[in-house]
Structure formats: C-alpha cells, structure tokens
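Each of the next two complexes has subunit A plus one other chain: subunit B in the first, subunit C in the second.
Moving on, here comes the complex of A and B:
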C-alpha cells in the first residue's frame, strides 16, 4: 500500500511500525501533488512534523481561509492578494502542537460564499473521481486534496455544508462539530454566526482524532465551548437501539431519486443489520431554513467583508483620486460577482428599518423555529439521517446546501459518510446530532461506516452499498 | 431671545481608563508613538476575533450607577456599519438596542434650586483610530495619515434627555458630570486629549410650547467654555432665523473657536442608517444582580453625598462644602489635611482662597493640587506654633512649596523666617520702642487701646517682621499694666 492515500490512522500505525518516517510520509503526499494536478492547492508551505503528538507526521491540508503566520492567505479572494498574516489561527497552533505536517493551503470559492466550486476565483479544482467534474464547494480544494491522496486530512470552514458537500462528492468523511467546539480565531469568515470549523478525512476514526486535537475553549474566541474532548470512539456502547429520524417524502421533493435511494439503502440496512429503529419525522422547514441561512449569511457578510477597503492590506486599486474612489474601485475590482451579489443582498436586507424587519428579523425568527423544531426532535430520535446533497455534482437543480444548512443554522454537529456510487461518482448520507453530542455521533457514524464498507480510494473501486 | 426657549441635549463620549483596550490586550496610554499600540485584533485583520475586557463592562456599569441609571441584566453588542479609513473593520462595535445603562439622571444646580437632567442611556463601544488630513477634509486632502493607537480603546457614550435649557446649564451639567466620572475613577476626562468629548443638539421653541423645534447638532467642542460659547452663539443664530420667519435647517454644524461661530457641515435631512445588527463574534452578556451589587458596593462616595457630609461632619457652610467637593482631588485633599490639622474651617479657608488660586491658574484642565496634604498641615502648624506669621506663610512659604516642592520647615529654615518667640531676645527691643515713643505710651495708659497696633508694628519693624506679634502684644501689655 502506498503512503499517499492512507488514512490518518494508517499513517500513524505505519510510522509506529517503523515502515516509514514523517519526512517520507510528507514527501509521498508532495509527490502526489506533483504527479496528479487536480488544482487542489493554492500554495504549498510544506512543514514537516514539528514533534511528537497525536498527529505526528500526519500531512494535513488547510483551507486558504485559515491564517498561517508568514504564509499568504487569501480565502480564495483577489481582494486579499498578497496578504501575509503576522499571526495564525488557533487551530494551526494546535495541529502543529500535535505534530501534524502542514502541507499547504487549498482552494475554495471566494470567502467560501458559493457551494459551486466552479465559482472559485483563482483556479479550477477537479474532482479526483472524475477529472472535469466539480468536486463541490466551498472547500473543494480541501476535499480534492484528500481524495487524491495529497493530504491525509484537511481542515476548512463550514458555513452551510462547505465541508460536507465536497466530502459527499469526493467519497470522503466530512464533519462539523457543535458551534463553538473548535476556535474560529484566525479563520477568515463571511458569516461568523454560521461558521463551524469542519474536518475532512477518509475515515470516522481520523475525524475523531483530529477533533480531539482541535476541540477546546479558546479565550480568543468568545463563542467557544468550555472543556475538551478525548477518547471519542472508546466510550460505552449504546444501551438501547439507536433511533434514527428520517423524512423520505421531504427528501424526494428536493433530491434526485438515485440520491434518495442511496440514503434509503443505508437506513434500511441499518434497521436490518444494526437493529436501529427508524422514526419518520417531519422536516417541513427545510426550504425556509435554506432561505433564512442564505439571508443571514448575506447580512453578516455585508458587514464582515466591509473591512477589505484597500487602506491597510490586500488588494488596493491604483491611482484612486480620493477616499470614495479608493474604496469603491478596490472593492469593485477585488471582489468577484458572487460575493458582490451576496453583499448587495445583505446590505439591502439590513439597509433600513423596514427591510431589516421584513427580511433579517424574519430570517432570525426562522432560525429560532428551525432550532426549536430540531430541539423537539431529540425527544423522539437520537440522530436525523438525510442525504448529504440533493444531487450529483454538476446538476444545478436544487440548492446544494438544502440538507446541510440546517445544522449550521442551529449550530449542531453533523457528519457526512460516503454511502455508495451513483453513475460512478460517490454520494453521501448525513447524520445530524444534538448539540454537544459529537462523541455519540462519531461512534454511530463509526458503526455505520463499517456497515457500509465504502472503500474511499478511487482505485479500490469499492461500492459498498 | 426672551420669547424663545432653548432645548438642549448632549452626547458625551468618554474614554475609559482601563489598562488595555476593549477587545484585545493593547495598552491605552495617551501620547505613544503612532501605530505602536495596535495588534491584529484592534486592526481588525482578517480572521481575528474580539474578546471583551470585563473591566470595561465594570467601568460602564459604575458610570451608570453613579448617574442613577437602570442597569441591563441582558445586553449585547451591535455592529454599526460605515466606511471610513480610521475604522479598521468598517464597523464600530457599539450598543444600539440594549445599552448597558439607561433611564438615569444627574442633578444640577440651577439658580437657587436644582434640576434633574435625564440620562437616556450610557452604552459601551469601541473607539476609532485617528486621521490627519493633508487638506481640509478627507475628500479634498492630498493624502491622509492614520494612527490606530486609539482604535479599540473602550468608550462610553452618555446621551442626555433634551432637558437642558441654557448654555450655562449645559456647562454646569458637564462640570458635574466630569466631577462624578473622576470621582468614580473611570476616566481622566481630559478634553484636550480627547478623552472627554461633547456634541450638543439644540433647538428653539416659543416659550410655553411643548413641541420640539428643528434641531442642529454642534460638533468640535473642545472645552466646556467652547460648549457654552457655541450654544450661546447657536441660540442667537436660531432665534434670529425664527424671528425673521426663516426655517432652521436640520444640520450638523462645526464650532469655529477662533471666529466664535458655528458653520454648517452637512445636512441631517437624509439620516444616515448604519445597518446595525447584533455582532455574532461576541456572545450576549448576562449581568447578575450580585455582580452589579458588588460594583455598587465599591462605588466611592459621590459628590452630592460628600457635600452633605462635609456640612454635617465638619460644620462647613454650604458654599465651602460645594467648592471643596467640586473635585475629588480637592475633597480628598481637604479631608487629608483635616486629619492632620483638626480645624476644618481654617483648612477650608486656606484651600478656598490660597490653594484654589494655584489650581485655577492651571485653567480648566487642572492637573490637581500642586502640594501635598502633609505640606499644608505642616504650614498650618508652623503658623499656629508662632514660628511664622500668616503673611509670611501666604507670601513666601506657600509659593515656594508649590514652585519647588519643598517642605515648609525647610523653606522657613532656608529663608531664615523663624519668628522670634523668645522673650529674652525681644525684651531689649520692646523696651527701646517704649522709650522712643513716650507720647504713644501715654495715650495707651490713658485708655487708647488702638495705639497698641502701632507699638507692636514698631517692634516688628525693628525685627524685620520676625517678632511673634502675639508675643510682642503680650509683652507690651505686661510692661504697661494699667
């Protein structure tokens, strides 16, 4: 077995058995980047393992929205061209402290504001499963890097499905923890209230390990949760059969039949083979949640991205005659169309009292409704299972974040697992859990993963389901 | 003017004197080299996040309590969005919908009585940076320089109700307010350094009317005197317009201190809207009754209470108590001196006449009392003990104490000022004075007490003023026993 393509745990075990060194592990992944250009990385900054730790010698890729001291960081936007942060994200320090080898910065759609990787500004990223195919976004570069064996795992921001959608398209495990579980300090965001630091890897076990390293309260991020997480997969068995909430009819109204069938296969097998109990639930607010999430993201981004004005750093329009021209031309030239559109929308809905009440306040109300409804569901079910995406990459019939967005709206942990191939391309199922229940979620996902038996390697040709 | 009534409301910004900024650990000291007190957080660099300085919350609550405000139990910060180069995030973290403190008042003396000026709110926000334009405004400047040292210093905005009715009242209100803020030690309140700034909203209406007229807002008020002068000017300007039947334009006006006029800056017809919404990077704040109670318990005695105590405890007249408590430094100084020299009225007289003269010479932004309490105690003891007389104390010793910071004893010694209080040294001089003035002695013996002053004066003259006059007086009386 070649090193590139191994899971995090396989790399750790391989090193443990003395089969290869951290340097060799990193080199193998760098060779893979050289050998197979899927456009995953915006820039490489290979740093060998900084010492012993839980992730010693594990090559990890970072989305380019994550600040690394001394390394140009653009969040996929021209407006941050040339910006080299003199500080780094809290999570970078944790990864380095755990001995991870940071490979480079991966491509994303501008500020992560589109789920369609074809909207990326700097370069096109290919889905390693089928060159020419969209890997999904916003963290398309991170997913492509892991799927192509150019990194064992990746970390990227998830504001509505940015990590889970490309995980689903690229046959990987994509995960978001409870809002506030991992510090957002140093992660460039457009909609802070929705942003969870997401993880991408080949296996649930890898995710658990990464989460143990990254979780924890950070005085620099007021929204972080107290406490740390450890031994996530080692804990007790569930005393009762798990109850899984499903809403097949609602899924069918948004998702293609093949995608729905793949998800249904999973829950039917879980009922038969694992004895899990299926509970039909109502998720009548999916579309409302999608609209609310978009409006909130737009409003927050109109404010959060306003600082990019050319005065202090990043792109600056040349020869501006006065302040207004400097601001407007810098922003007109520096931002792409998608970001401009969302910021205009956000400015409009916050733009006067009537708009604020009609749109922004309504979106906040919808957010409460969704959170409350999910809160109520946890009395009946342990997790909700949905398809991760409504359709295969490249079809643009439904909002790609229709199933993933609600967990961001409610700040809940969620995981996408690859569950099979449709037309030769991977599809995923998503489990959403109550806040704070990452351990239970990962253990359930671990069981499901073994049941599905999806081989994450493209070359393995596995079609588990 | 007599047919109009002025309606004035003030907006006062006060920089809090916390050691570090509101959302990061940068220092807040005034006068540092430009752009040396800033970091990725107060510069709003991408991905950085704010973390609230609890001290800033505490100071704001202190201000609210001292101004008789309600304190919010649940509050949060909003983003106030606008583009300007000195605003690093292009939004100011402020409080729009849930001010920490609201519905308070401050009592100010008006004529013989007192009135309450309502405090609409006291909220906490972040200070912006400073711009220096190479030109009149940022738009026509050839370039502008930016200093972000100030960006992120905690700032409170105090908004009054439109309860103020004259320029004088506005000035008195500000003096009272500054006094209180200094008493509770949350700001140094220095207008010339910008740690206290005031904008004034003013409109006129016919006397007796309860409706509001069109208001203007006056900016660039850099001293209490400027507030008063600008308001006086603006009252006359608006009255002139209204008398001529012309409308007052709703606008922001700039006070030109040199010319003594307000100048139109921009119209307020199109109100700016700041697209405020709750800042998602900061979690809402819940304040417990316990915490607020603790802060309340730690509040020092406020000026009003102290004034009453000075009357009751030290038997001072109302006027003295008022003057002495008009600044915390002065009141502290008085009490410290009284500790060492237990004659409150004498101490008060000295402070109100002699010491205040030195304080007032420093102008509106007095740095404080230019000598120590122990110094004044010693000086008063020297007078009481007859070592020096009152005039020497006032004219020679005190100025030297202030100028050189020396102790009175040292000054008396260096200048050879000790009074002669030794009868044996004075015997001969007294005898020769009596001998040289037989007519006057006869007058005294004949019952003319008034001439005693002349005789004492002659002895003082002969001793170059060093003889202890009280002692000389006694000696002469003894010698000329009738």
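Moving on, here comes the complex of A and C:
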C-alpha cells in the first residue's frame, strides 16, 4: 500500500515501524494532489510535523473556514478574498501540538451554506469515486481530499450535515461531537448555535484519535465543555445488548429505496450478528426539524454576516463614492446567490415582531420539540440509526440534511459510516447518540464498522489505496 | 401572505444588499416556498423556545490589560488604510 491512502492509524504504525518518516508521509500526500486533481484544495500550505504526539506526521487537511495565521482564509466566499487571519484557530494549535502535518485548505460551499458542492464559488470539486459526480457538501473539498488519499484526515465545520453528507457520498467516516466539545475559536461560522467541529477520516479509530487531540475547554470559546477525552476506543463491556432505534417507515418517506435498503441491511445484520436489539421509534418531527434548522441558520446568518462590509478585511468594491455605496456594492459583488438568499430570509424572519413570532420564535419552539423528543428517546434506546443521506449524489428530491440536521439542532454527537455501494457509489448510515456519549458512540461505530467491512472492500476508484 | 418584490427590496436595503427588480422577484420566489412550508409546519407550537442548546453559564474573567492583536497585522487586511487607520469614503460634508 502506498502512503497516500493510508488511514491515520496506518500512517502512525508505518512510521513506528520505521518504514517512512513524517516528511515522506506529507510528501506522498502532496504528490497525490499533484497527480490527481479532484479540486479538493483551495490552497496548499504544507507544514511538516512539529514533533512527537498522538498525530505525529499525520497529514491533515483543514476546511477553508478554519483560520490559519498567515494563510489566506475565505470560507469559500469571494467576500473574504485576500483575508489573511492574524490569529490561529484553537484547533490548529492542538493539531500541531499533537505533531500533525498540515496539508492545505479545502473547498466548501460559500460559508458552508449549501449541501450541494455545485454551489461552491471558487471551483468544482469532484467525487473521487466517480469524477463528474458531486462529493456532497458543504465540506466537499475536505471529503474529496481524504477519499482521494490527499490527506489522511480532515477537520471542517458541520452545521447540519456538512461533514456527514460528503462522508456518505465519498465512502468515509464523518463525525460530529457533542456541541461545545471542540473549540470553535477561529472557525468562521454562519450559524454558531448549530455548528459543531466535524471530523473526516477513513476509519473510526482515526476519528477517536483526532477527537482525543481536539476535545477540551477553551477560554476563547465560552461554549466549550470542560474536561478532556482519552482512550475513547478502550473496550468497555456494555452491560446489556445495545438498543438501536430505527424508524423504517419514516425513512422510506424521505429516502430512496436503495438507500433505505442499505441502512436496513446494517441494522438487520447488527441484530443477527451482534445481538443488538432493534426498537422501532417514532421520529415524526424530521420535516419540522429541517425547516426549523433552516430558519434558525438563516436568522443567525443575517447577524454573523453583517460584519462583511469591505472596510476592515476581505473584498472591497472599487471607487465607491460614499459609505452606503461601499457597503452595498461590496456585499452585492462579494456574496453569492445562496448566501444572499439566506441573509434575506433571516432578516425577513427577524425583521418585525409578527415575522419574528411566526417564524423565528416558532423555529425555536420546534427546536425544543426535537430536543425533548430525542431526550425522551434515550430512555428507550442507546442510539438512533438512520440513513445518512436520503439519496445518492446528484439527486435532489428530498432535503439532503433531513437525517443529519436534527443532531445539530439538539447538539448531539453523530457519526456516518460507509455501509455499501449503490450504483457504484458509497452510501452511509448514521448513528446518533445522547449528548456527552462520544466514547460509547465511537465504540459502537467501531463494532459496526468491523461488521460492515467496508474498509476492506475499498477499491482504487477514489480510495487511493 | 407571500413576500412581495417591494418587501424583498426593503429587506435588502436593511442589510445593505441593494437588489434590482429582477433580483427582488427572484429572491421572493426562492423564499416564498420556504415560508409556506414554515407556516404549514410551525403553526400552533406552544413549547418553550429553546434559544441555545448549551446549558453552560457565561464564564467571567478578570478585566486585565492585555496585548491585543498588533495594529499593523489588523490593518494589513484592509483594502485601504491611512495614518494607521482604516480609510473609507468621506462621511462628512465639507
């Protein structure tokens, strides 16, 4: 096996056996970028490993919404063209402190506001499994980079499925921790109450290592959770068979037959081979959650994106005669259509008392409904298992975030695992866990991953092996 | 009640996003189905609004003098600067 295409753990083991050095590992991934252009990276900024640590010599890619001091950071938007952060995201320091090598900044849809990489502003990103096919978004560049063997892992923001959706489309593991587990300081976000720092890698063990490095309280992010995480995959004996919540009828009402079948195969095998107990649950609020998440994200965007005015950083319209013209032309020329639409929606629903009460306040009530319903479910089941996406790439019948958005609304950890191929393209299943249960979630996902055996069925088409 | 072209234009002005007539119509057409769906699904909910998922309290710290970002680093990102300040179009009459 070549170095580019190895998992995080394989790279660590290879270095441990003296088969290659951290510098050779980084170079192998840079060579892969040179050799196979999938449009994953907006810019390369290779930084070699700074020394020993849990991730020594592991090449990691960063979504371009993550600030690196001295490296242009655009969050996929023209309005941030030329912005060179004078400070570093907290998570970048943690990665480097653990010895990771950094590869570059990956493409995303503008401010991560669309799940469709065709909406990306700067360049098209290909799904390495099938060039010409959408890798999913918003973190499509990050997923394409890992799937193509151009980075061993990637870190990117997830506000409704932005990491898990492309993970599903690109045959990877995509993970979001409990809200606040990883510092968002220095991560450019459009909807801070929904954003969790997400991780992409080839296998669950890689995710566990990354999370151990990144988790922890940060005085610069008041929402971070206290405490650290360690030995996440250490075997703890479950006192009884895991209970898995499934809602087959509801899944079928949103998802394609092939995608539903792929998920059903997983839970049926889990029941037969692992002894997991299947519990049919009701998730009647999926559509409610989808619209509530959309409105809350739009409302927050109308505030978070107000700062982009051409004065202090980023794009600035030329030859404006007064401040009003400077602001309005800068924003009209700098923002893309998707972002403008979301800001208009957000401002509309916050714009007067009647709209606020009819839309924003009601969306917050819906958030309460979803959060409480999930809270109640944890009395009946250990995890909820869903398809990750309702459809294969390129199909647009159902909202792509229908299954992934609720965990952002409720701040819960969730993981997408590749579970098979449909028409030659990967599909994923998602496990959602109670808040704070990342360890149990990753251990269950690890067991499920071994049962599925997707990693061993990886082919050359996009896996870089 | 659907959003009108005029309403869309007014909303655009609030956020310094001047829209042409054609854009106002296009964005109104984009937003109206979302709002219709929201009307259908959200109406009648009575639960207490969940404003933020985090149950953590605000953290406080001592108000101590520290070293801010270096001024030159901050100004380096601006399109125009003058005398150590951001330069913008004139805001006062002669």
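The rule is simple: the second predicted complex is superposed on the first by the 455 of 465 C-alpha atoms of A that agree within 3 Å, B and C clash if a C-alpha of one lies under 4 Å from a C-alpha of the other, contacts with A are read in each partner's own complex, and residues count from 1 in each chain.
Please note the rule applied: a residue touches a chain if its C-beta (ideal position, glycine included) is under 8 Å from a C-beta of that chain, and two chains touch if they have at least 3 such contacts.
Just so it is clear, the structure is predicted and the values come from calculations on it, not from any experiment.
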item: Which superposed partner A:292 touches (first subunit B, second subunit C, both, neither); value: second
item: Which superposed partner A:279 touches (first subunit B, second subunit C, both, neither); value: neither
item: Touching partner for A:188 - first (subunit B), second (subunit C), both, neither; value: first
item: Contacts of A:322 with subunit B and subunit C, given as first, second, both or neither; value: both
item: Greater residue coverage of subunit A in the superposed arrangement, subunit B or subunit C; value: C
item: Partner chain(s) touched by A:220 [first = subunit B, second = subunit C, both, neither]; value: first
item: Partner chain(s) touched by A:233 [first = subunit B, second = subunit C, both, neither]; value: neither
item: Touched partner set for A:341, first subunit B, second subunit C, both or neither; value: second
item: First (subunit B), second (subunit C), both or neither touched by A:86; value: both
item: Which superposed partner A:312 touches (first subunit B, second subunit C, both, neither); value: both
item: Touching both subunit B and subunit C, residues of subunit A; value: 83, 86-87, 193, 219, 222-223, 302, 306, 309, 311-313, 322-324, 327, 347, 351
item: Subunit A residues touching subunit B - in the complex, by the definition given at the top; value: 65-67, 73, 75, 80, 83, 85-87, 89, 184-189, 191-193, 219-223, 299-300, 302-303, 306-309, 311-313, 322-324, 327, 347, 350-353, 356, 360
item: Residue numbers on subunit A that touch subunit C, as the complex places them; value: 82-84, 86-87, 179-180, 193, 219, 222-223, 225, 287-288, 291-292, 294-295, 302, 306, 309-314, 316, 320-329, 331-332, 335, 340-341, 343-345, 347-348, 351, 358-359, 361-369, 371-372, 409-411
item: Subunit A-facing residues of subunit B, complex; value: 40, 43-52, 79, 81, 83, 85, 88-91, 138-140, 144, 146, 273, 275-277, 280-283
item: Partner subunit A, residues of subunit C touching it in the complex; value: 3, 7-8, 11-12, 14-18, 27, 30-31, 34-35, 37-39, 41-43, 45-54, 56, 58-59, 61, 69-70, 73-74, 76-80, 86, 88-91
